[in-house]
Every structure is written in C-alpha cells, then in structure tokens.
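These notes are about the structure you will find just below.
Chain IDs A, B, C, D, E and F follow the sequence of writing; residue 1 opens each chain.
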C-alpha cells in the first residue's frame, strides 16, 4: 500500500528533480562543523517524521544570511529524504500570481501532500513568498497567515508531513508571528575563518584547476568578514573570467569581491 | 423534544469528533493545581449555561502562552460537555477563504447553533481567525467585529449557547475591544517548576517507557523557565528520536529544547 | 389620521417588541438618584418631540461605561414612549453586511421613519455599528458620516423624530465628530457605593431568594470600584451556580467577580 | 432672453424653496453688528457677480463654529439674491452615495448651472460633503479635488456663477488646500455678550410669550462663553418643555444648556 | 509638408483658442523686470525646440505662488509660440475622471502630439492634476509617474515637443521626484514693492477709469507683503463694486484685500 | 543551431535598435578613467555570461546620479554585446499600464528571453518601473517583488541570461531588498573636475564648432560641483540657442546652468 502511494505521486516528484538539482549548481561542500551539525539535525528530524508515533507532522525553519546555502540545503534534504511526495514551493513559480492565487496554489500543494503517506514540502525564501520588503514593512498578510496555519496544521490520520522553510529575514518573521509556526529553528552558518575558505576553494580547485594553491592561501588569509558560500563561489567564476586565460590571482579575486559588494 | 434536537444535529457533531480528538494527541494530563482550577471553573460555566434561568448565553476566553494547552482544553470541554450542538471554529478550515467568506461561515455556524437548544461553539486561536500579526498590527477588522457581536449576542428565546474562545494575544485582543465581548476570562497556566515537569514526564513515561526516572529528575531540575506543555511533550519526541535506539538522556533533551527555540 | 399611521406601522413595531424585551432581561431597577435623573430627562425629551412646535427632531446620546445599562435604558424609552414607529438599529443585525449594505439599511430605516408622524430610532452601540477598534483607530468612516448626517437631518414637514444613540466610546465619538451630531448628551451612571449595590441586590433577592441579606451587606461593603449593573447582575448568576445547591456567599461572589475581570 | 432663462429653471428653483426654508426654522435675527457686516458683504458680492464685467465667477467661504448660523445665512442669500438658478448642495442628499456618485452629482449641478445666465450654488457643510473626520484625518480626496476645481473654474462665456461654501473646519480646509479655492473668506460670528443674547431672546419672546423679561436678563448675565445662535434657540425649546406649563426660568435654561453640552 | 501638418491639427488648435484666452482675462501686464526675464527665457526655449538639432524635446516647469500668473504665462506662450499642435491639459477637464481615465487621457494627448512635427503641451496646475493635498500628503502616484515619464520621453524621430508645467507646490514636486523630470525651472515672481503695484494699477486704470491716481499711490505705499497679480486684480473688481457708484478708495481697497484673505 | 536562434529573434532585436540609439543621442564620450573602468568591467561580465560554465545567469546594477549616463551605458552594452536576444524594459513603454499588466509584460519578456540561448535584458530606471516616489515612500511592491525574483531566477538548462538594471535611487533599492537581487553593483561616475569637463566639451566642439576653446577653459574652471554628463550636454544646447547667432560664451553657459537647476 505504501509502495503504491509512492508510485502514484512519482510523476509529480519527477518534475521536481530538476528544480532540486538547479538549487545546488555547486553541490554541497562539507565546509565546517557548524554546517555539518545543522545538516545532521535536519536528517534526525526527517527520521522523526518517518518513525515517531506521536509526531506525524514537523516544521523546520532554516534561517541564515543571504547566500549562506539555505535553498541548497533544503533541496539536498528533499533529494536525500526520498519521501514519496516532495514539493519545493519557490517564489519564482509565482511571478504574475495575485495574492489569492498564490494562497490557493500553496494550499493546493498541501492538499496534494495530504494524499500521500509521507510528504515533504519546502517553503523556499519565505520573505519572498510573502512579498516582504523592509521599506514600510510591506508584505502579504494573507499569505503569511496561510503559511502559519498550514505549517501548524496536522495532516489527516495516517499521513505524515515534514515542512522545511527557509528565510534570511528571521527577525521580521519572528515579529510577524511566522517563526512560531515552526517547531524547530536551525541556523545555516556563513563561511567564516581561514579553514572554511580553504576547504571550499580547495574542493572547487579539485575539479576546475584554475586557482593555484598559494593564491587560495592568500585569499583565505585576506578574507576577514564572514560571507555566504554562494557569494564565495560566484566570485570565483567572475575572477576566473577576469584572469582568463591565466589562473585566478588573489588580487583579481579580491577586486571581484568588492565589485560584488562583499567585503 | 430535546432528545430530538440532539438527534438532528448528531451528524454535524459526529464530524467534529475527529477534530476534537486531533486537538489533544497527548490527552489531558492533570499537571498542576492552577490547571485543575481553570478546568473546574470551565465546567461550572458549562453547568451555568445548562441550568441558569437568566443566563442563556455565556462567553469564556481562555488565554495563555503558545503551547500552554488552550486548544486541547477547549476540545476537552467540547467533548465532556456533551451538548447536542458542538462546533470548533478553527483557522485551518479557512485557508484560502476571503475575509467576507470567513465572516459568512462563522455567522452561519452561529445561526446553526441557534437552531439547537444547547450549543457550544469554540473560537480557536482567535488571533489567527483575525489574521493578526504584530508587524503593523494588521488584522481583519471585519472578522473582529463579527466575533465581538456574535460572542455578545443573545440566542433566540429558549436557546442556550456557550462560546469558548482561545488566544495567546490577550493584550492585543484587550486593546482591540475583543476581550470585553467575553464574560469570563480564564488563564491557562504554563508548566512551571520541578513538580509540574515531573508530573507530566512521569505520566508520559508510564506509556512510553523511554525516559528513565533519574533522567526525568535531572530534566525537572534543569528547566528554569516556564514553558508550554505542548512544547515539553514535543521535545520528548524529538529527544526520543535523537537517542534512538537508547532511552532519552537529560543532555539530549536539553539540546533538543534549544533547537526548538525554548529555554 | 394619526391613529391610522399608528396602525400602519404596527407590524414593524410588533417585531421590535421582542428586541426591546431582550434588551432588558433583568428589567429596570431604580438603583440611584443619578440614574433616575437621566431617565427623567429622557422622558422630558420624548415629550418635547411630541409637543414642541419648533423642535420636530431631537437626537440624544446616552454615554456610559460597558454594562452601565445604556441599551436597556434606550429599550425602556422605546417601550414607554409608545410612538407609532419604533426601531432599534443594533449591530447584531449587521454581521455579514458589507459597509455599503449597512449604510443602506440604516438609511432605509430613517426613510421608513419619515413616513410616520412620530418616530423613534435607537442607534445602539454606535462604536460597534461603526466597527470601531482602538487598535489603529479603525472604523467605517462611511457609516460614521451617514450617522452624523441622519442624526442631524430634519424630517419632512409634519413629521417628528427622536433619535437615541448609545456609546461607551464617548471620547472617540467626540473626536470623530459624531458626538456633535447629537443635541443632548446624557450620562448613564455606574453602580457606585454601598447603597447602590444594596438596592440592586435586594431588589433581585426579592424574586430569587438565593442571596442572604447579610451576604449582600458584606458584598456591598467589599465592592470598592464602581461597576456596570449588567456585570453586577451577571456575577450574581455565576455565583449562584458556583454555590449551588447552597445560597450565594460573599466570598464566592467576589471570586466570580474576579474571574469576570471586574475588580 | 434673460427672463426666458429665468423661466426655464424655475421648476428646479421651486424644488429648492422648501430646502431653503427648512434651513432657517427660526428665520434670521439681526443680533449683532458683526453679523450684519458679514451679511452686508455677502450682498455686495452677489451684486459683483451680477454686475461686474471682469468678474463672472466668485466663490465665498462662510466659516464659523458649529451652530453659528452658516447654513441659515447661505440659505438667506440663496433666497434674497433671486438668481434664476439656485441649488443647495447639502450632505443629507448624499447618504448612501458612493464617492464617485457624489462627485458626479456635484459636477452635474455645476454643469446645470452653466446653462443659466446667473447661478448660485451653495456647498453646505463642506467637511461633511468630504466625509471629513479628525480621527486619522480621513476624508474623500476625490471630492475635495472636485470642489477645489469647480470652485475655481470659470463658467462658459456669458454665464455668471456665485459659489457659497460653509464650513466649521476652517483649519483643516486651509491645510488641505480647499480654502484657497475660495476668493473671499467671511466669518460668521457667535453669540457673544449680554447684548447679543438679549437681542435674540427678546426677539423670540415677541412671538412665543414664554420667557419673562427678567429671566432673559438673568440668562444674558449668566452666559459667559460665546455660543452658536442655533444652540441658544434649541436650548430655549428644551427649557420651555422642562418648565411647561410654566414659563422658562433662568435656572431651568442653564440646566438644559449643560445637558446640551454647552457651557 | 510642414504646412500640411499645421493644417491637419488646426481644428484641435482652434478648440484650444478659447481655453487660452480664458486663462488670461486681464491679459499680460509687463509689471517688473523679473517677470520680463522669465517670459524672455521661455521664448528662448521655444526657439531651442524649434531650431536645435540635438534638442528635440524640452520640459519647463513654471513655479510660483498662488495667483502669481503661471497659468496666464503658459497660455501666453501657447498663443505666441504658434506651434501646429497646442494643448492645455488642465484639471478642470478631469473632474469626474477616475485615476486611470486621467492617465489615459493625458497619455492620449502626448500620443496626438507625437503625430505633429512641432507640439506644445501645457500641464497646468500639476498638483491639482495629481489630486495633491497637504493633509496626509495624498496624491495620485499613478498620475505623477505618468507625468514624470511623459515629460522625459523623447518624441519619435523627426518630431519636436515642448512641455510646459505649472505648479505652486514646488517643494512637494521636488521631493516627489516630479521636478527632476523638467529640464528647466523658471520662477514666476509675485507683485512686490511700490513700483510693481503702480505699474499694474495704472495699466488697469487706463481702461477702466475707476481708480484715481492718488488712491493708487496710497495703495502702492500701503501694500507691504508681496501678492499675486491675480489677487491684486480681483481685489480691484471687488473694491469697484463696494465703491460703486463712486471710484475706488484706498481704504475700501484695503478692506477688500483683507476679506480676500490677503495682507 | 545557435545561428538559427539568432535568426529567430532578429525581428524583436531589430525593433530595439531604434530604442538603443535613442538612448544615447550624444554617443558615448570616454571622459574619465572611472567611467572607462566601469565600462570595462561590464564587458568582462558580458563575456562571463557568454563563456563560464557554471555562471549561466548574471545580474548587474548600474547606479549613479540623475543624468550620469546609466541608460546610455546600458544601451551601449546592449548594442556591443551582440546577443541574439536583446530587450530594454523602459518605463516609457508602461504609461497607462496597470500594476498587474506591467508585471505580466515584464515576466513575458523574461519568458521570451528564456527561449533564446543568449539573452540580455535591460531594466532601465528601476525606480520608475516601480513607480517609486520619496513622498510617503510609495512604490509598487508587486513589481519590486517580480523584479527581485526575475533578476535572481536561473534560466532553463542550456540558456544564458544577463540582466542589467539602472537606478538613481540606490539607497531605497538597497533598503527595499531590490539591490541584493543583483550579483554585481557598478557605479556610473559624474563629470568631476576640469579635465572631465574639458574632455567632454572639446569632444563636442569637434563636431559643432560653436564653443571656442578659451570659453571651454573658463567653463571647466568655473564648474565646481560634479554634474551629470547629460546635464552638461543639455546645457550646451541651451547656451548655443541663447548665444545664437554667435558662439557660446562662458557667462551664457553658466546662466543656462543655473536655469536648469544645476550649480
């Protein structure tokens, strides 16, 4: 019976496979203990939803700075949890939707999930789903309320549901009452300190061969402020282009970092 | 004639039975005197509506922190009062409703109740019904006004009605004029102090056998801040998963508590 | 001809009889001089509208705290004035109405009144008709403006109209410009001091026989803060239930008072 | 040709006759020099519109406290100017109108006026036409803008138009930009000092014979604060009722004044 | 070919001729050097649009106090520039228009202009086009944005366009971003000082013969505050009426000035 | 296959050619090192999108004061990048569009771009696209959210996209969360210092022959404040008109500068 349900929803899941891969173009690099701990706790929660008798629903909020890798981590969990129903609700599906159409679409996804025995829904970039902006603290209260209610709602008897939300606007979400709708809150860390930087750049270098080891060392020393792993990797691409046809130099890297508004 | 009315509305009541049970997955644990006093006063009010000649309508507001057990207590009363008409108005029925549709649906429920001799309506999570958020103090004024009027309105001659509301935003509701629509205000207490914690965890342990007595003692001593019974019980589940296949340790429990944003 | 008009509107008036009675379940208890003076002035105004040559329209605002008895007093006047056309416009008729539908319905009532020689319209709980809430000072400006204009508007030649409004939000109504639309402003007093309390409880005791005289004395001494007569009488019912099958004790009464959020 | 136009619009004017009379139930009492000066200036402006070659349009704003007699004075001018087209635009025609319908109706009136050689439009109680309230400074900006534009707009060649507006919210209208749309600003004075009061009460006494001369003297001495002539005359009616079947006493008068919220 | 285009649009221009004349009932009096300089610069800009190769579009903002003569000056330019397409967009055309209809109509006028080789569009009283009011700083942002875009937009190849805007709310327009849409900003000066006043009143006297020279001298000396030429000329009309059948006296003039709210 | 796609979209591109030329009526003058550096970095980014394996999408924000040349620079890149799909989204296309129609049109442009292998979209004058105004900080949040999502969204597999935005309201865009949607932020510099001014005026003089060298020298010395190249060139045209039929003098130039509100 379980296998059957898994069968049934496969087409839907198939569609998402592409979305999942697109969310982590550089894969997942195990760059620090903090990051590994967050990833591990997430997996425990996946198991809790699968196994616990009294916990048939759980909601987890991944919070972290821009570019820290929240979407990638959520996608990674969506991929590895291998639940029969998996859906990433992401703001780029909703350009051109009215507020009410958005709420309907989100509610529909939850209704679909309730038909499967074991489901995972990712609410990616919640502040964007809410059309949040700091100027005037505007946002869609209807969508916020729908998310709060759906994240807390118990699925029908016999069904299990894990909700993973991501946000880089934790203080707002807290104040708005959205954070309390999530049972567990996990931080996605920034890249911070020489070791983190070296781990990432060396990992990348193994495939790309365009960033000499000693330049990596110099960059790792020069980076004083923590930054998001996405921004670190993006800057590498830009630096590679600037230095083409040569290899990346520390100076070019730092120039690009400045143009990208980091450091 | 009375029995007849009871018969008539049974289908509606039957539908609610499931909702009622879902609201208290862990049942009701008699964990403190304060809690027992609140429960007892509620039962007195149930009787007042049943018996008093001049009081044919009463509205009670259960107020308490998140997870303190307001919804469970309201459901418990809904179950034990055994009124012929019982309805829980809960925000998760209303995702995707427009403001006006919500008001209509709520008004319809009251109209239905007026057709039964003895009715109980639970307005669960009033701030959520109102789509309240602290950011900009937004909420649906139309729904607020409908609730105020309906909570104060006398049922037609010969009919009796008890309204039970729950809220964790008492100060807002007070300021907004919603609290004054309820005749009686009762506090649902938090779990506070060693004895409360021990009472709850020991009660749970009798069924689950995964939390050794001495670890419970250590946890009870370590918990300094009051917290909601829902959060205490949820944390047990998470800790059980973390410690699987072993039994729950105090340390694992406290770690989970932190991940869940409590303490 | 006059008798004819009276005949014509009788059905409408008949419908209101029930509403009028429902507004004063405990009747009108003559509990203090202040209260009697207010009632007397109201009757003078009724006569002025009936008799004066130049005053064919008058509007009176009854202002007082929650539960002070404004609605009951307005209903009492509506009953005793014995005008051919009497209508109580009360917020519980309007749940589920849009703003424009409310304005239409209110305007329609005034138009109906203009067809009778002598009419009385009660605008009960004006702040509720306006959907007023202190949070953000929200209210329906359209309804406010309609009420201001209608309360000031002269009826057609030969017609006479008394408008009685009630409010517990006098400062707001003043600031909003609504109070100035009423020619006369009368205060409905709270129950204050031993004598008032004794007068009321003794009056009630004569019918109910459940509140021993010496307990009444103790309660009258213990009540330090003024409170609304509605709240005093409601608390009696709750205390009667709590003390059942015995008679009401002062202690039980004071406990109930606290649960009801008074004192 | 002129006479013809006068003929044409007579029906419309006829309809207004009743409105004009209703606006001054107590007529116009010449109670002070200030008042007479204001009235005289108004008449000069009427002549200017009738005669001046370069002034074919004029707009006058009558400003004064509540009850000072603005509407009555505007109606008096509307009556005595004997223009072929006269229209009083008053808020009680607009209950139940949407904002856009109000603007349309007002614009239509001006269009009608442009068809007559000589027209007078009264914009009575401008703040009420604008649905103004001090709470939150709400008002209809669309209606405000329409009034500003219409009050400044020149009529078609050969047509003459006098616009008379009344307001008791001058500071708001000034700040909102509405006052500047009127060429001339005239103040309607309050009743102030013994002589004013005596002039009015004695004038009234000549017809009503219910207010003994010595009581009038006492009242005139007792009134310290200035008040509107409307309120003074209304209070007389109430006092007459209170003192019935006797004549009005100074004490009864002052009591009534207090109930009416004046002094 | 040029002549042809001129022919084509003539009907449209013809319609405007009346509007243009109505905007300057007292003509244009050359009353001060400042005024003449502003007028001269405007004419230079007219020529620049006609002749310059790289400047095919120019937008000029005439700013000045109420009544300073902005609309008259814009109309004067519209008349003397003798462009084949001339259109005055003025708020009194738009009473009763919705926001969107206004934007459409304005955009349509620009589209029409783009069909002529040489066009002049006057945006008269921009703050009124925007329905601006200082109370709550309300205005139509849609219309503002349309004006900004249209004032900056280059006409199609081969077409030339001059846009002249007028405003008495320069600081608001600046802050709102509307002023920056105009390439050139010119001030229209007030009447200030004896010489200005004398120049204007003497000029008027030559035609009207109702203001004796020595009275003009006295007025010129008495006027201490600068004022708009429109207000000065309007006051003359009122004073003429007051003094009829005599000639204007300085005292009567100053009285009228006060009634009109100036000085 | 690549050539094919290029073929397919050519008509669309053709249409834009005119728009691109219209954006730089004075061409691009290489007036300072800062400007050249910004231009060069832009070209590097164009190459990165063309060549990099992991960067298939990039978004660049050009920020600078009014008239600094942002739109011209974006158009220049659009011209020289020679991508098969090029589209400038500019606010003057959207006058008369509703908010939702704007979002649809913008989203449609991105959808079109996703059909070409290599696309460039210019979001010109973002604050105008958003209908931003500083008064009340109003803007279209729906359009803002759409732009944020579209600027970050990855194109379908195999497609490459460069987004270039321009803004003169960087602080607002930053606060609103719009700036973070762009990977790279580049400043477009003002004309500052004698050398910049001389470079530009001399460059212009080579074609126009109306600005004598020694007058250019004097102007360059006199200009103390930095200003936009657009404003510098516009002022030249106005000065040329003023001085016609002579050549431009420094004094005339500075006068014009003042009339245009610069310096």
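Definition applied: a contact is a pair of C-beta atoms (placed from the backbone, for glycine too) under 8 Å apart; a residue touches a chain by one contact, two chains touch by 3 or more.
Not measured: the values here are computed from a predicted model.
Q: Report, in whole Å, the distance between the mean C-alpha point of chain C and the mean C-alpha point of chain D.
A: Each chain's C-alpha centroid was found; their separation is 34 Å.
Q: Calculate how many whole Å lie between the centre of chain B and the centre of chain E, each centre taken as the average of the chain's C-alpha atoms.
A: 68
Q: In angstrom, rounded to a whole number, how far apart do the mean CA points of chain C and chain E lie?
A: Using C-alpha averages as centres, the distance is 59 Å.
Q: Among the residues of chain F, pick out those that touch two or more other chains and give their numbers.
A: Not one residue of chain F touches more than one other chain, so the list is empty.
Q: Using the contact definition from the top, classify how the chains connect: line, ring, star, complete or other.
A: Ring.
Q: Take chain D as the starting point, go toward chain E, and spell out the full loop of chains.
A: D, E, F, A, B, C
Q: Using the touch definition up top, name the residues of chain D that touch chain E in the complex.
A: Answer in residue numbers: 41, 44-45, 47-48, 51-52, 54-55, 100, 103-104, 107, 137, 139, 141-142, 144-146, 148-150, 152-154, 157, 172, 175-177, 179-180, 183-186.
Q: Can you check the complex and tell me which residues of chain E touch chain D?
A: Contact set of chain E toward chain D: 18, 22, 25-26, 66, 91-92, 94-96, 98, 127-128, 131-136, 138, 233-234, 237-238, 240-242, 244, 259-261.
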